[in-house]
Amino acid sequence: MFTQVEKTPAQTEQMSETRLIRYVDALREAFEEEMARDPKVFLFGLDVDDHKGIQGSTIGLQEKFGKDRVFCTPLSEDAMTGVAIGAAIAGYRPIHVHIRMDFMLLCMNQLVNMAAKSHYMYNGQVKVPLVVRTMIGRSWGQGGQHSQALHSMFMHVPGLKVVAPANAHDAKGCMISAIRDNNPVIFIEHRLLYSTEGYVPTKSYEVPLGKARILTEGTDITIVAVSHMVMEALRAKKHLESVGINAEVIDPITLWPLDMETIMQSVKKTGKLLMVDNAWLTCGASSEILTRAMEMCQEEDISIPSLARMGFAPTTCPTTKPLENLFYPDARSIAVKAYQMTQGKKAKTWEPPVSANTEIDAFKGPF
Amino acid sequence: MFTQVEKTPAQTEQMSETRLIRYVDALREAFEEEMARDPKVFLFGLDVDDHKGIQGSTIGLQEKFGKDRVFCTPLSEDAMTGVAIGAAIAGYRPIHVHIRMDFMLLCMNQLVNMAAKSHYMYNGQVKVPLVVRTMIGRSWGQGGQHSQALHSMFMHVPGLKVVAPANAHDAKGCMISAIRDNNPVIFIEHRLLYSTEGYVPTKSYEVPLGKARILTEGTDITIVAVSHMVMEALRAKKHLESVGINAEVIDPITLWPLDMETIMQSVKKTGKLLMVDNAWLTCGASSEILTRAMEMCQEEDISIPSLARMGFAPTTCPTTKPLENLFYPDARSIAVKAYQMTQGKKAKTWEPPVSANTEIDAFKGPF
Amino acid sequence: MYDQIITARLYKTMLLIRQIELRIAEIYYTDAIKSPVHLSVGQESIAVGVCDALEKDDIVSNTYRCHATYIAKGGNLFEMMAELYGKATGCAGGKAGSMHLVDIKNGVMGASAVVGTTIPVATGYALAMQNEAKITGKQRVVVALCGDGGTEEGCFYESINFAALRKLPIIFICENNRLAIHTPLEKRWATDQLCERIATFGIKTHKIDDADVFTIRDTMVNALADIRKGSGPIFIECATYRWLEHVGPLDDHKDDYRNTKEYQTWKDNDQILRLGKMLDEKTRIQLEDEVALTLQQIEKFAEESPYPAAEELYTHVYAS
Amino acid sequence: MYDQIITARLYKTMLLIRQIELRIAEIYYTDAIKSPVHLSVGQESIAVGVCDALEKDDIVSNTYRCHATYIAKGGNLFEMMAELYGKATGCAGGKAGSMHLVDIKNGVMGASAVVGTTIPVATGYALAMQNEAKITGKQRVVVALCGDGGTEEGCFYESINFAALRKLPIIFICENNRLAIHTPLEKRWATDQLCERIATFGIKTHKIDDADVFTIRDTMVNALADIRKGSGPIFIECATYRWLEHVGPLDDHKDDYRNTKEYQTWKDNDQILRLGKMLDEKTRIQLEDEVALTLQQIEKFAEESPYPAAEELYTHVYAS
């Protein structure tokens, strides 16, 4: 399996004991603990109670909590999202699951017109404590309709929170926070992260929404990466080390609200910000983070650092492997970009070695 | 009525004769001319054939072109969008109408998963020449679900074009271009623009998609404004003139593909860019335009100009007038912002006079 | 036959709705209400027949045409009027306006301006109540109202299927005025067999053609008894007629998109007139006076209430 | 009874589908096909019974489980196999993969990986054909296929209503294998009365329980004749059984989410076996040889074709 971090920040930060477990199991623990703690929490969606249990993340939960609290639904994403909202308004804490983020396009109306607006529109009379789990697909020919990462659409809308943890520790801690949060939280998982392992405390803990994490410290450039791109950025950091460049890698974890303070502290130190999104660029998280960085510098009258971004190619995602590989940023392309930013345009070109086999190549399903 | 421009660029640019007509009538002319020209063009959607005819923009069309080419539908936004896509794939050129942009959240799946992707996913075998008309609401208590401007969600998705003309001339010319375009075009109208008048050529013409327009030349600051905010920006320019500041106002017209060249030429001249979006800021058109401006400066090694943005407050739109007024940027707040940008932070405060009655106050429906 | 007490109560509530809405129409020209208003004038018997059968802790979910049900369910009238005026004392502090009246305390769960979208939300509320009843032993019920147009949205069928599948404690009510804005049913429905269709989901259905407030109430009483025993969802289609324009204060029969003879038939069938005649005059006049007084009070309250302060723009974006 | 020519044709096409899919399953472990494959093994009679009745310029729209219909409708087999291999010579140049086979020339309008979403698109295509027929005088027909799961999406009902309302030349076919991934029908449908429900839209319906390829074909022939005369839409529900796992090359009956006895019943009812027995041996062997040869050829073509060049990533984002 692909272990993400040798020394996870989780490990040092938490006082309690930790174990090395998979992202998907960390999620499962969060559900199990929170459902045991709070009878108002329930989990539903297509396939949550079959023998595969959403890649294992829901296995055993129906046996433990019964069919009222863990159940599958018809294929009706729009209404089922409304159902989740209604139950949340009634005081429950639903967790609704979509096995692909692409399918959330079917329930945008409920999420944007209803979930995001109810608390404000009703002037606080109503709360919508809802978690919408959704998975970004990638690799093995998922293609145009099974690979989209649409977080910027949700970041755009006041009233929604958006979180996209990239390791097992944050997956569990953010899920617990999301379940306890009184707002609709779009919880973004990534198919390729599920089998990655990380150190996770044995005791329950929250990872606060709205707080970024510095994954590795560095002095030469700040790389902010989202979701699965965190893994690529950490690999890129290794490449960069081999040529004496010391990158600080930051995972915003929560995409909305954004913790720009942590990012800017780093950028002030390094003078360079490379934002690597796991999504298209236009009107994306990348444009927002770069714009805010620029605005904050102007505000404080400091000179604007070198800013750049990477993300999906501006195309639909193709299925065939050679084109799919080009569609995504990877450790090497990130390293090269960071190299150019630190060495200046005239630096000689550099080709990092080809990466070893990663979770991307290893993935062959199940989908 | 509120005439938008004294000397419209349309007038000087076009060789043919012009008349002063309303935005909504300019649209109607576009439909009538294109439907007469091309039998494959048809127009459908809720209410297109009632006696009010989408604020008048479709009146008389059913009488002229028959019920096969102009017809209303059941309230089924999702499927009707699919129907439009299917007809487009079959070689027709549908124009589908939504009287509120908010309702497009019901058909995001069809627009993003189907319309935007078909041409690419089928490697060119299929084309989707589709126009989706959609209207931004504002004023008179439209509230949270009748006032949204979601263009950034569509700009985010490769395969869609997005256009938001702000005057009668561009409304007609862009509509003609959109109908003739072989891609899905999201055509954004604004309720408050419908009754504004502009000079429109008597002969048919296209306003090319992807080309911005400099509305008024200036030397001190570039103001880029979207949709109805163009009117506010033009009023702000007047305010600024009274204190000796000369603003260049640019309407991008097409939001995707974006004409950054025109914008950057202006910014290089003025050294200042204020982007006034008619939408929320986060992951919006404003972040994209500012980010691109910054990227282009870095690319060309020129120092980054002063960049700023304004848009909707980061809240749901409230209905009550006093709060609604605060939700939107207006001529005065734009002027003040531009003033600060040109005069520096230490400049003494300036309060432009209260604006005369505008189309915003005049609006009382019909909705 | 209904006793005088119930008749009086139904009459008063229908009259209250009618008078409040006609007063809204009357003062609309003053621009005190800066909000699109979708009036239910002529349709009152549905809201009243339905809500009179409910208990306070039962729930209704509404469309943008929500005044009638809000009033019938016992929503706070002062807060309603203040909301229309955009005042801080409104049920949503002026943020929601006419299309989104809410009063959770009195079982009004809100309303949406996007047609159909409250149907699944109400269904989810019913799911919560079904679970809740397993603990409390008391089965509260949700009523989800929608127009004929609302039944054309996909989420209507999705909700119906889910509610039937899980036997949820919900009553779906279609207020069928055969119009969506100006478009008649015939241009939107392939056939008129809505109840037959819903029945194929294993749901008991009722079609009420004459808007008789007693029939509606009786149907509800029986439906509620069944549902509280666990029957699962029930569907009621009520024919009705919208007297005024789709949105706004006016009579628009001059616009000639609908039949004035039909209008007359429905006016002759007006349930307020009918019940008024069933009451003794003293009672009737007393009720009318009470209604008139309430009207004055709520209007005064709305007028005199302050607008929300500027900082309210930024409150309640996120719940703490 | 069907004559030998038709029987032979149906047999051959079903066999072709079966063999191509089994071959896909066989070579899947080599990773030559880097794509999720949703095989129709066991369900072939629907695709073949349906498409055999169509003309070349009629259109089918598909779900992600689209190999069978693509083949039955006459989609180019070389381009199909190359598409699965992700090659430049594929029907979509490698950009679409197994879930989105397309061949407009042969009337395969594409397929979606998002359940239900092709149903309205097919409906729109039918609308275009209805208009086109007014000029050409020839009524082409669209066939919209979906699974039992697909009928749970709101857009299914929205499309059905619209198609019935406008009497569109479309046949909706539900391939009811009673499974959505691993979830049985009973957990998704409130009742099993789909045909009854669709009938309330004024649509003629047919329920075929045994997957008999001749019955399916006959039903289609009659339906097409009616539709070409302007009858409006027709709905056909075909029971069937998926032999292999939802996605991927394996038999997953060991996973114990479904009934092996049912599996055996369906295997005994295999239409390929049945028709094979109806043919004289010489014909059968000849057809089998032809199929085997085709298989070899298309596999070779796919293997030998080049991958798309890097710059193909950026082509066809926008149409010119």
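A few remarks follow.
A, B, C and D label the chains in the order they appear, each numbered from 1.
Keep in mind that, in the parts below, a contact is a pair of C-beta atoms (placed from the backbone, for glycine too) under 8 Å apart; a residue touches a chain by one contact, two chains touch by 3 or more.
Remember, it's a predicted structure, so these values are computed and weren't measured experimentally.
Note on connectivity: the fewest chain-to-chain touch steps from subunit A to subunit D number 1. Averaged C-alpha coordinates give centres for subunit B and subunit D that are 42 Å from one another. With centres set at the average Cα position, the gap from subunit A to subunit C is 42 Å.
For the pair subunit B and subunit C, the distance between C-alpha centroids works out to 36 Å. Multi-chain contact residues of subunit D (touching two or more other chains): 95-96, 100, 112, 114, 152-155, 158, 161-162, 165, 187-189, 317. Along subunit B, residues 73-74, 76, 78-79, 102-103, 105-106, 109, 113, 120-121, 143-145, 158-159, 314-316, 318 each make contact with two or more other chains.
Viewed as a network of touching protein chains, the structure reduces to a complete graph with every chain in contact with every other. Taken together, the subunit C residues at the contact with subunit B in this complex read 31, 34-36, 86-87, 90, 94-100, 112-116, 149-150, 152-154, 180-183, 187-189, 247-248, 255-257, 307-308, 310, 312-314, 317.
Touching subunit C in their complex are the following residues of subunit A: 42, 68, 73-74, 76, 78-92, 94, 109-110, 113-114, 118-129, 158-159, 161, 182-183. Subunit B meets subunit A in the complex at residues 78, 102-103, 105-106, 108-109, 112-113, 116-117, 120-121, 143-145, 148, 150, 152-153, 155-159, 256, 280, 282-288, 290-291, 294-295, 298, 304, 306-309, 314-316, 318.
Partner subunit A is touched in their complex by these residues of subunit C: 91-93, 95-96, 100, 102, 104, 109-110, 112, 114, 117-129, 131-132, 134, 154-155, 158-159, 161-162, 165, 315-320. The residues of subunit B lying in touch with subunit C in their complex are 46-47, 50-52, 72-79, 102-103, 105-106, 140-146, 313-316, 318-323, 326-327, 364-367.
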